[in-house]
Amino acid sequence: MPELTRMTWREAATAARTGIALLPIGSQEQHAGHLPMGTDTMLAEAVVDDALTRLCGDPDVVRLPALPFGHSPHHLFAAAVSLRATTLQAVLDDVLDSLATSGFRRVLIVNGHGGNDEIMRLAVKQYSLRADVALAACSYFSLGADAGTPGHAGVFETSLMLAAHPDLVREPAPRPAVTPPPLFAEPPYPGLTVERHGEWARAGGSTDDATAATAAGGTALLGRRGSALAEAIRAFDLATRETHASTEGEA
Amino acid sequence: MPELTRMTWREAATAARTGIALLPIGSQEQHAGHLPMGTDTMLAEAVVDDALTRLCGDPDVVRLPALPFGHSPHHLFAAAVSLRATTLQAVLDDVLDSLATSGFRRVLIVNGHGGNDEIMRLAVKQYSLRADVALAACSYFSLGADAGTPGHAGVFETSLMLAAHPDLVREPAPRPAVTPPPLFAEPPYPGLTVERHGEWARAGGSTDDATAATAAGGTALLGRRGSALAEAIRAFDLATRETHASTEGEA
Amino acid sequence: MPELTRMTWREAATAARTGIALLPIGSQEQHAGHLPMGTDTMLAEAVVDDALTRLCGDPDVVRLPALPFGHSPHHLFAAAVSLRATTLQAVLDDVLDSLATSGFRRVLIVNGHGGNDEIMRLAVKQYSLRADVALAACSYFSLGADAGTPGHAGVFETSLMLAAHPDLVREPAPRPAVTPPPLFAEPPYPGLTVERHGEWARAGGSTDDATAATAAGGTALLGRRGSALAEAIRAFDLATRETHASTEGEA
Amino acid sequence: MPELTRMTWREAATAARTGIALLPIGSQEQHAGHLPMGTDTMLAEAVVDDALTRLCGDPDVVRLPALPFGHSPHHLFAAAVSLRATTLQAVLDDVLDSLATSGFRRVLIVNGHGGNDEIMRLAVKQYSLRADVALAACSYFSLGADAGTPGHAGVFETSLMLAAHPDLVREPAPRPAVTPPPLFAEPPYPGLTVERHGEWARAGGSTDDATAATAAGGTALLGRRGSALAEAIRAFDLATRETHASTEGEA
Amino acid sequence: MPELTRMTWREAATAARTGIALLPIGSQEQHAGHLPMGTDTMLAEAVVDDALTRLCGDPDVVRLPALPFGHSPHHLFAAAVSLRATTLQAVLDDVLDSLATSGFRRVLIVNGHGGNDEIMRLAVKQYSLRADVALAACSYFSLGADAGTPGHAGVFETSLMLAAHPDLVREPAPRPAVTPPPLFAEPPYPGLTVERHGEWARAGGSTDDATAATAAGGTALLGRRGSALAEAIRAFDLATRETHASTEGEA
Amino acid sequence: MPELTRMTWREAATAARTGIALLPIGSQEQHAGHLPMGTDTMLAEAVVDDALTRLCGDPDVVRLPALPFGHSPHHLFAAAVSLRATTLQAVLDDVLDSLATSGFRRVLIVNGHGGNDEIMRLAVKQYSLRADVALAACSYFSLGADAGTPGHAGVFETSLMLAAHPDLVREPAPRPAVTPPPLFAEPPYPGLTVERHGEWARAGGSTDDATAATAAGGTALLGRRGSALAEAIRAFDLATRETHASTEGEA
């Protein structure tokens, strides 16, 4: 599993010609009383690890070090290390521009934090207009036709952490139902985004009760997410490999 | 149907106490050879008109003038009047901040152009952290559980324009299939965003053949979209009316 | 009267070769108790309509949809939807850049709001350095050798609105004299700009008593402003048509 | 003539209570073959000197060091040290904010360069919304009811420099008429701003023939400009002194 | 060694009251043919590990995940993932602001890359003006009275990597002397910073021959750097612990 | 001593081919009770004057007018005219870009204020990546192997001002020792930058007692600083003259 941080610059430049650069991004933010601040970053990395293991080096993927900080202003009421939206946009734009300058033509961003999602998708749209590249982006939890709603610090993430980092999971406290449910998690009409000031504090910092989470459930979830990411990488490779070659022919 | 532009400032300030401000946003961009540049703006306005007619003034909605320009850098290869992403973010932030300063606590943005979608949703997330407001955002075409993929300058938009502005629709030319299909419209894996340089030009500026579009189909579509928006507005009103009142009681 | 929003992109691209793009800009802001929030936008549009009717299509002018929001921070004390100065600069820069990219070489901005004036003139100066274009800008009320001081929500604007949109004009309340007169309206020395914090609130939001305004006076004013704008467009066309052609010959 | 640069901070803080801070701004840019790069800065300072001498310390004016660089992108084709518009805006905003923080409530900017004019007026409008201050701005050449069109590196500036800095004036070369005259200097219709790419280079860098300039004419001009500025300062002082006092009484 | 990424938010909030947050920052950039791209990040982390081990938890230090990307525009000629200066400033400002919001009053940034040095020191100066905090910053290689000139990809860094990550060090190629020596590494006069376009490419990407590097030398160097950092942390703790307490008493 | 402000643009363009442009930068900020606000600017200019006199025109140096304002946010608690860091960065970037556009290939910035130091060094690093230039930067007080710690408004600056501008120096008041000494002036560990909120106010605005300052000491100091700057300019000229010539030969 080639990692950019361990490669010399010549190895990186060679890999750039045909490989795909992969950037994991996460967050440092409150995850209720039982999950660690780095949950989103660790889970993005765990899913990437799982997927790259499945791919066995085909296609060539060069893994960048994860960006450990994300856009979490809605969690600053408890604790977070958050980048403003403009800062995260700038970081992603700089990384994409650097990779293109170093010779990479294909880059994939794999995200583990909901608050990064629009910013990441916007970043690949923006940069693909500026250089002759093919860029992809996904959140590990929304990949695949069967992707459900993962929630924050609830059953979904707790199960995954029990599978990936059991030593970092404390006993979750039962979470009383929040009435009405938080608007960001359950919008009043499908397709409508609703954001209300103070809603995360009102909801107590999580979306659902985590006490039913199990390591077995997490292991299954992790496998499905890793498998989906592996398929997505293969599909991205196939869809952009030929085009890329023909573009080279024309130039 | 109260319009901000026609109200005096005292009428606006009174309506702000309990009403919902509604901002339509669209674009000016190429829509193949048969649809006008302002298609997205006109359709957002047509759906808003339909929805507000259905609501008959309950709840109170104050309609702002539509922002006629959107984020369309991917259409500049043909013709467009496009705002950069940072500019559109700034415009939406300024409008939200002005409305909050004028006393509005609830605002809904209704969008007609795919390229604005992330920016708009990000804008309401950002601003709701800064002031005690409840904000909503939607694209008229992705509202409701049955929302399909609308496409650009194809059957969906052409049908709607035949219903809303038949005098502005020219005869669509048959559109040969693009192989492989454009990556932005049909990503190689569900949930993956893929953007490739020059893809819109390769696809010839539209996503599907429009020759099967009909006015009757457009009328039905327009009704469904308008009905969905009306329901979304009612749901937003219900979800935020009480909270707003109780917040006032606390203060 | 060709409107960009109703043209296909090919029609727009054809018109761009020799035509002039015209962008009206206005505001949404308090206009005392008797005029609507959109007064400046409506008057800019009314004068543009009048001028384009007089010109009968010679020269070719492509009218863009009006920007309904302007720079009105000094009216936020009552009610306004205001763009910050940097936002309005960005919008104008983006529109000019888009038009130049789409092939237009000549653009005219027609403004209806005093607060936009410097920003607009600065925008055309800035952009003309970046691309081979000829750009013009004016406020409808300061055009022509006989241009007077129009005031805000006083006799001038009320008369024009009585002519252009009589249904939107409420009965103006008599306005007591403000002593000393507001510094922004009557600077203590000719050529000196003076701005004092809170001055618009002290002046009660308008510059002069509107009770003497008449529809007949407004009709005459509107005709003179429309006629002046028509002459200005002809003069801009003549001054830049030949140069433009010779520049093309050189290239 | 108190100069901020020579005062201790306590002297500055004391003067700030009732005095007016005065900031001269200029440029470094080509002024044809016979005038020096710093012409605009030197003339702004010469007029300020003349005015302050006439005022004899009534009212109290604290003179800041001149900002020697201005916004001159249109002169970079020859030679200039130019600040971008956003940079000059930031400098003026920072200076105004610093002065307000240090206790000054009244500031006057005196400008010597046409390219700074809109930016300067915009700066005082912007900042007066943020703090309880009274701000003024003028260009020395457009002050007073009899202000004419000064031109660039022509009779007006050359005469003034012959009066203020005769040792820095070289023999002006006769300047052939430019046909048609440069659009920035003689707009095709009164009140219309027209900017065409490359127009300053086409005009040869000046607006009119300077050979008729005389030191006597310059001395008279300098006196009239200095006298006008002195009157403007007195008028600004009178208009804002009482208000300022009463505001203090209220607070 | 408490790591923020592994702590729950309540643990982080508790630690914030008296502890010091420590952020390592590095780079991804070419390090000649024998060292990996992530050298600077790995060395900053190695020195931090060494220092924190020596401190044995006194004082309390909460370690943040390292920022793996730095400001390396001068290495983009070969390969790098570089953040622009404004982006790195924004990241550091956001991290400091988040930590202060989460309750931390003392933060230390430990840097491993020369190109980050001014930006980092500027960031702590800027932020300490905005909030009641005590901030520190250092580059691990310039800490202590005996700090020498470390160079880039030469004996210093190669020795350290042979000690910290021997598996990642390739055989260094002998490096011919560059005449004259690169201006950024050996300025022509002490205290003068000189930067010349293309100088890094001319120097071949490193500052000195690495073939004499040894693991033993690296181990000694690492110990001295770790020891110096441990002393610096103790000194920072002592210098700011009492003041912080007394400030709390005053409030 | 050629000054840009007094040269015509053709003289400037000619000098640009081989000469070095020199920009002094300073500040306007509190310097305790006995030194004037402009101390840093005046001392930078005095040292530049001394150095240029020693050089007698070899090499050719074109002196720009000093930027009289610097980055002094830490002195706003007393009185200062301060540019934000981003503003000063923009000013320096614009000046460097203008000079390069006008033909200068070599520029030296000479600084008199500690708060400008990182920003200035960062500016020359940034700009040298964008154009084929050789740029240098120094603070007059840190030039030369024997450069000590100058302090603020203490013996060092007071002595220099007694030599350069004795009429502007008031009697310094004895300054009691500040315990502990201010962290910015005496960091708790060598190489560590420490910044604490409110530290400049706690230290009373200066770093050391100035009562021992003498004119004779200042004259000696001024000569040593001027001599060091003259040598630095000669060294910069030698180091970049040949390279520049050979680059020209290649082009």
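Every chain is named by a letter (A, B, C, D, E and F) in the order it is written, and numbering of its residues begins at 1.
One rule holds for everything that comes next: a contact is a pair of C-beta atoms (placed from the backbone, for glycine too) under 8 Å apart; a residue touches a chain by one contact, two chains touch by 3 or more.
It should be emphasised that the depicted structure is a prediction, and the values quoted were computed from it without experimental measurement.
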| item | value |
| --- | --- |
| Set of chains whose contacts include both subunit D and subunit B | C |
| Chain separated most widely from subunit B, comparing mean CA positions | F |
| Separation of mean Cα positions, subunit E and subunit A [Å, integer] | 27 |
| Subunit D and subunit E: spacing of chain centres that average the CA atoms, whole Å | 47 |
| Separation of subunit A from subunit D, taking each centre as the mean of its C-alpha atoms, in whole Å | 54 |
| For subunit D, residues contacting two or more additional chains | 86 |
| Overall pattern in which the protein chains touch one another (line/ring/star/complete/other) | ring |
| Ring topology as an ordered chain list, initiated at subunit C and continued via subunit D | C, D, F, E, A, B |
| Subunit B partner contacts - residues on subunit A that touch it in the complex | 73-74, 85-86, 115, 118-119, 121-122, 124-126, 128-129, 131-139, 142-145, 147, 180, 183, 188-199, 228, 231-232, 235-236, 238-240, 243 |
| Residues of subunit C touching subunit B in the complex | 4-10, 12-13, 16, 28-38, 41-42, 64-69, 76, 78-84, 86-87, 90-91, 94-95, 98-99, 101-103, 168, 170 |
